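One structure is given here, and the rest of the page talks about it.
So that you can tell them apart, the chains are marked A, B and C in the order they are listed, and the count of residues begins at 1 in each.
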Amino acid sequence: MTELLKDMPKSLRVVFGFNQLDLSKVSGYFGVLFIYLLLMATIHATMLGATVIAKEERDKTYEFLFTKPVSRSIIVTAKLLAALTNIIIFNLVTMASSMMLLAKYSHGEAVNDEIARLMAAMFILQLLFMVIGSALAAVKKKSKKAASLATGILVFTYFLSVAIDLNDRLTGLKYFTPFKYFEAKNVMYGGGFAAVYVVISVVLIAALTTVTYVFYKNRDLNV
Amino acid sequence: MNIFLHELKAYRKSTMIWTFSLVIMMVLFMSLYSSIHADAEAFLKVLKNYPEAIRNALGFNEKNFLTVVGFYSFLLSFVTLCASLQAMNLGTSIVSKEVREKTADFLLTKPVTRSQILTAKLMGAVVSLVITNMIYFAAASFMAFQFKADDFSMKIFFLLSLTVFFVQLIFLALGMIISVIFQTIKSVLTVSLAVVFAFYFVGMFFDTSGEKVKRYFSPFKYFDTAYIIKHSSYEPSFLIAGAAITILAIAASYFIYAKRDIHAV
Amino acid sequence: MDVIEIKNLTKTYGKARGISNISFNVEEGEIFGFIGPNGAGKSTTIRILLSLIYPDSGSAAIFGKDCIQFAPEIKKNIGYLPSEVFYYDNMKVKELLNYSASFYKKDCNKRMKELADIMDLDLNKKIDDLSLGNKKKVGIVQGLLHEPKLIILDEPTSGLDPLMQQNFFELLKEENKKGATILFSSHILSEVQRLCNRVAIIKEGKIVTVEKISNLTENTYKKFKVETKAPLDATYFQISGVHNLEVKGNVTSFIFKGNINDVMKKIAGVEIMNLWIEEPDLEEIFMHYYEKEA
């Protein structure tokens, strides 16, 4: 049976919901759930990144905040740090609850290493999507729309990753969707993180953080 | 009628964007069908070497194995997810938009009852969804005819596509009741993302256990594509459940909203 | 006939805010002032009249009909201007006004142009781009567009420059002459005095008094400060109606209520360097009524 599934083309496995993870092992099952955890975490991070920047204008509290004797850079730093703290808490809670839950069903299988590795991957993507959100909110004239746009980008890149699974000819596009950067099967069994994706992520995060600062500094605050 | 037209106009842009996104997504997936179909043909040959018992166990048989309708029902789950977000956004906006933009005073001091306002707004939202679905269905049938490898039943294809609209109606109603209960929703998208994805994941997890009762917990599981393909109809009990939720939520919204205090900003 | 009848109206939020047991009537054809400090319950009362919020007890009727039960029917003849105006941002002024007019099934095009002329409002601008004062103008035109029989104004003058305020008051007087009844809520005494026939004073959710403006000003104290060439005898101004008499060197100050001629005669009897007679401000009016209560 497993042999038969091995012969199955990748696209069919995606359509029928099988994958290369070993579902007989608890870590394999967790690997399947991971994509949903990842989606949740990144959506949360995106919204957080966008709203933390946009909310002053949305709630019309910007006149209060920006007439105080602090520079905009300090405000942005404080806001991003607050968002970061949230993300770290989200990540740690997910990790702790996953470990506890899996310990119950693992029958002695050591899974904590794998979970930790997956959570590290999740954290990088959380950071990435958070700064996508904040950069959009800083750049866009109507920052209220940033959250929708950033979420749109997230959903689009997720579907792109599904499409890449369906068709080998699309493999070249994998650099454009963060959801292909750290896949559960690679992170868990393939020896961890691919350097190229870590570099791409770090560069993107740094660039988008800079964009957030620069654009927010020169922004006209609108009602 | 004036509120209805005003609402429809207000939704015009978002309806266009959502419709466009749904169509693009569908087209993207459907255009992959021919290559997947080729994969399937090849795999079918491999499969022939295996005993029939295994083939049956896997649920593959030559007849339904990756027909265009089968593939369509795979991509439909993504389409439904996105379409539900659209509906939930609309439903949540119905009341909360007036509160957020502080226009409730304007509308509610006009000579119309609150029920009339809700009805007009609800109709505006439903018509937006109908338009989205009509355009989507036209595009989907066009794609299906372009890429079909074999003949397929138009009725089943239509029934499958219609499930998108039904799930949308459920989420529209849920969004409405949520926005009536929690008056000051600052970000509609946050709320609808949370609710829609929560139900989507609940559906995912319960699906693996295979118990029918658990399917009632997620509107995403009310319409089993395999059942529809097999019987050319919906499961009556889930159809009733969906209708009941929708009607109850809408009725409760009217009831609560009529007695609501509209506070100054 | 009474256009507005409010009977024992009570509405509480939490502990402190709200109104309790409010009653007063507004007669047809009058301009009725509704005055009190911030948070006294003016807006609460008005929002109940418009059935935006519902009373805990008591009732209110407009045109002789219960304002909750017959809300849509009543609202056909009401024009409302809130203290802060918010409209659909992505619409043009003209589109918003047409949308507003569409609720009353009347052709308001001509009147829209008239009102926009008077208020100096550009109909083709986007609401998004308007300043606070200009948004207020949109609110005024929107409220008067359908020639309502009852105009309810909730602190309407904030954000309007004096010239526009003048135009706006003229407009209101004009409407009043044509037969419209006006309920005018404010915390600024001078504008109420300028416009209204009668006034209800509200404080901490309770009606303190309902009076004619003429009575109110007759009844109120005036503040006097007299600077004389030589110090005065402390008892010189000790006549009936004088309170809080204070003599500091050459300056004598007191507050007075009663026939103003009596004081003027006394003042004429001494050689004065300077004289101040001041209207008491809103706070002092309230002080006056608290004293009466206590």
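Throughout what follows, a contact is a pair of C-beta atoms (placed from the backbone, for glycine too) under 8 Å apart; a residue touches a chain by one contact, two chains touch by 3 or more.
This structure is a prediction, so every number in the text was calculated from the model and none was measured.
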| item | value |
| --- | --- |
| Graph class of chain-chain contacts, one of line, ring, star, complete, other | line |
| Most centrally placed chain - per-chain CA mean versus overall CA mean | B |
| Per Cα centroids, the chain farthest from chain C | A |
| Intercentroid distance (Cα basis), chain B paired with chain A, Å | 25 |
| Separation of chain B from chain C, taking each centre as the mean of its C-alpha atoms, in whole Å | 52 |
| Chain A and chain C: spacing of chain centres that average the CA atoms, whole Å | 56 |
| Residue numbers of chain B (touch at least two other chains) | none |
| Partner chain B, residues of chain C touching it in the complex | 43, 47, 50-54, 71-76, 78, 80, 82-84, 86-90, 99-100, 102-104, 142 |
| For the chain B and chain C complex, residues of the former touching the latter | 2, 6, 10, 101-106, 108-113, 116, 259, 261-265 |
| Contact footprint of chain A on chain B as seen in their complex | 21, 25, 28-29, 32, 35-36, 39-40, 42-43, 46-47, 50, 54, 58, 66, 71, 74, 78, 82, 186-187, 189-190, 193, 197, 201, 204 |
| Residue numbers on chain A that touch chain B, as the complex places them | 1, 4, 7-9, 11-12, 15, 36, 39-40, 43, 47, 51, 55, 58-59, 147-148, 151-152, 155, 159, 162-163, 166-167, 169 |
